[in-house]
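Following this line, the structures themselves.
In what follows, chain A forms one complex with chain B and a second complex with chain C.
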Partner chain A sequence: MDKFALLQFYGLLKREVLEHRNLFIGAPAVVAFLILVAATWVATQIDQSQLAEGLRYVSVLFDGLSPFDMAPFFMLLGIPFILTLYICSVIYLINTLFQDRKEMSILFWQSMPVSNFQTVLSKIVAIVVVAPIFYVLIIFAMYLIAMVWLTILGISNDIDLVGIGWMFLAAIASLVLIYISAIVASLWLLPSMGWLLLFSAFAKKTPLLWAGGVFILVGFLEDFIFGTQYLANWVASRASDPNQYLIFEFQNIFERIFNYDTLFGIVVGAILIAGAVFMRRFTD
Partner chain B sequence: MSNIVEAKSLRKNYGNFMALDGVDLTIPRGAISGLIGPNGAGKTTTLKALTGLCDVEGELSVAGRDPRISRHKLMEDVCFIADVGILPKWLKVSQVIDYVEAVHPRFDRKKAEKFLSTTDIPANKRIKELSKGMVTQLHLALVMAIEVQLLVLDEPTLGLDIIYRKEFYDRLLNDFYDGNRTIIISTHQIEEIETLLSHLVFINKGKIVLDSLMSDLPDIYTEVLVDVDKLAQADALKPIHVRELLGKKSYTFESVPREQLQVLGELHTPSVADLFVAKLKEEKHG
Partner chain C sequence: MKDLILRNRYTLLLTTLIVYMVVLVAEGMITGREARVIEFENPYFDLNLNNFEGFRERENENENENARVRVNDAGDV
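Entry: the complex of A and B
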């Protein structure tokens, strides 16, 4: 890939972030703000001496432990962000190609020397790779604020802060795991992502209704004609497996990606995404 | 002169509506071509087909490429301004320049900024905050900063006041057109572009009803303000259109030698607007 092609793709990703800044940055910032507000409220309800005692206990607990061993503890704090990311991903994928046509800006985007494949690929990369970066950075900012608060509390109560330092390292390690979890989960959910993109490119109105309606119709027809519920069961089994959404150990990454179910899903997702590229070829 | 656009038997239908019904079209390189037609005639569909924005049947070549196969490559040589405000409303002016600079290999940022500096468009405003005239100016600034062979304009001045419209075409001629580039303009405001055009195409009901160089029009079409006593003589020469004018009758003839018409009355070359009406009425009445 030449230098211009890379810069061009960077330009496409930048466009996605600017257009969907509320989903990429605004939503996780709101979640972080709410968590900080809730934590502050809880702290005001607890007696200061009890709070200091709790901090002393945590500091001792984390002192000298490997950050990666303790990272899963912090991943639980990341769950609201991961859920927000999934909700925002659905909103993004179902609207992104539809919105261009709705506001007629597709004529501008299509008047540039950018292929539909590049455009759709940039949207996948934006939500799978770029969006989690912003989420992780915002969680990191939240941890920094919490660290400053804990440090002030520790100093004012004469608590040894070495353990707090280890705790912060564990929090950072959890961010790496959260980021990897988000990408691996996206690969697992690629068929759903492709399905949403396909209807975002296809529907003239209410793309979410189309995506949901056609899915229900296909499931109903399968049941009616063949008497089976293979499609519904397949989707339900993929959606309801929590192991696919959070990775607690680095050793698990390889087996989560390179297994039959995930790879089959990637192939199905790729076919649906190719369908979205085809649908976007023409504006009418 | 080679042709930048060559189209043969283009067909496109939307359900039962035939938008293009066997369009044959050639546009010479370096021309300023006007695509004129009433509402629903197929102008926008034709322009969309030329820029790869809709699928059509038939043979089509634009700047040596088939737009249906390699639209994004074609767009390195072709720019398009549509009849609706199509710049994304959520972008700031500076951001849209950043975007075009990132994705278009032939975009000259300095040129665009120089053009914009002569306007009232602020770089930090979002497009949705600009007036329609400003959005058009911004789009023109972007297009003029791109080194392309062909510029396609679909009703570019629709909804603009006379000052913006005049400025738009002045800029187009002075800052964009260099004699080698080709411009295709579709518009209803025929009088405004008549003097710019070197090539003319009329389209009606998805069919081309006229495709001619402007310089050839005086040799083909003649308007005669016929003397009252020569009406029967004029009728015999099968005019394509007759209209009342100041108590007299004005006849439009196609491919009738001027020497033959001189005896009927005062001769003119019809304006594009008059020719347009004549050709469309001819179509209507067969």
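Entry: the complex of A and C
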């Protein structure tokens, strides 16, 4: 890939971030703020001496433990952010191509030296790779604020803070797991992403209704035409267990990405995304 | 063929959905796909929603066991 193509792609990604600041930055910032407010409220409800005793216990507990071994426990703090990312992803994917046509900016972008494929690819990369970076950075900022607060609390109560340092390292290691989980989840759910993009490019009105309605209709059609229920089975296989895309150990990453179901899902997702790319030629 | 598929948005959508259905049904027939979940190892906590029924049964068993213990304890007194 030459330098011009890279610059083009960087420009497309920057456009996605600038146009969807609320979903990429605003939403996780609000979640982090709410968590900090809730934590502060809880702290004010607890007696100062009990709080100091709890901090001393946590400090002893984490002292000397491997951050990578303890990182999975901090994944729990990341769950509200991962859920927010999923919700924002659905809103983004169902609206992004639809909005381009609605506000007629599609005509401007099609007059630029970028193909429909590059545009759609930039939207996928923005939500799979770029959005989780912002989420992880905001979680990091939240951990940093919590760390400063714990340090002040520890110093004012004369507590040994070495264990708290180890806890912070575990929290940082968990950020890597959260980021990888977000990417693996996106690959696992690529067919859903392709489906939303296809109807975002297709519908003249209410793309979410089209996506949901046709999804149910296709399930019935399969039963009528083929007399089978493989579509329903396939969806049930992929949507019911968060363990399939949440990563708790670094050793699991290869197995999660390079297994038959994930790779087949990528193929199905690619079919739907190809449909969305071709659908971009109908600009009305 | 290409002109037919790309004639308008509806023919393109129909073609995409047909390809999507045929690929999934063919794969389902070849692999004999059933509604199943790949169970990855998670040593920290159980998140498998498919085991919800089993979880409820285990909860009921535990409750019965606790009730039995309470009755036995009351009997001892």
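Assorted remarks:
Heads up, the rule we're going with is that the second predicted complex is superposed on the first by the 280 of 284 C-alpha atoms of A that agree within 3 Å, B and C clash if a C-alpha of one lies under 4 Å from a C-alpha of the other, contacts with A are read in each partner's own complex, and residues count from 1 in each chain.
The rule is simple: a residue touches a chain if its C-beta (ideal position, glycine included) is under 8 Å from a C-beta of that chain, and two chains touch if they have at least 3 such contacts.
Model, not experiment: these values are computed from the prediction.
Aligning the shared chain A places chain B and chain C next to each other free of steric conflict.
Applying the stated contact rule after C-alpha superposition, one finds that A:M104 touches chain B and leaves chain C untouched.
Of the two partner chains placed around the shared chain by superposition, chain C is the only one that A:L221 touches, whereas chain B remains out of contact. By the touch criterion defined above, A:Y10 lies against chain B but remains apart from chain C after alignment on the C-alpha atoms of chain A.
Of the two partner chains placed around the shared chain by superposition, chain B and chain C are both touched by A:R281. Within the superposed three-chain model, A:L18 lies in touch with chain B and out of touch with chain C [touch as defined at top].
In the superposition on chain A, the chain among chain B and chain C reaching more residues of chain A is C. When the two complexes are overlaid on their common chain A, residue A:S115 makes contact with chain B while staying clear of chain C.
Taking all C-alpha atoms of chain B against all those of chain C in the superposed arrangement, the shortest distance found is 8 Å.
Judged by the document's definition of touching, chain A residues 281-282 lie at the interface with chain B and also at the interface with chain C.
Against chain C, the residues of chain A that register as touching in their complex are 72-73, 198, 202, 214, 218, 221-222, 225-226, 228, 230-234, 236-237, 240-244, 246, 248, 252, 255-256, 259, 261, 264, 267-268, 271-272, 274-275, 278-279, 281-282. Across the complex, chain B is touched by residues 4, 7-8, 10-12, 14-15, 18-19, 103-116, 118, 281-284 of chain A. On chain B, the positions that touch chain A within their shared complex are 14, 48, 51-55, 71-76, 79-82, 84-91, 95, 98-105. Across the complex, chain A is touched by residues 6, 8-9, 12-13, 15-17, 19-21, 23-25, 27-29, 33-44, 47-50 of chain C.
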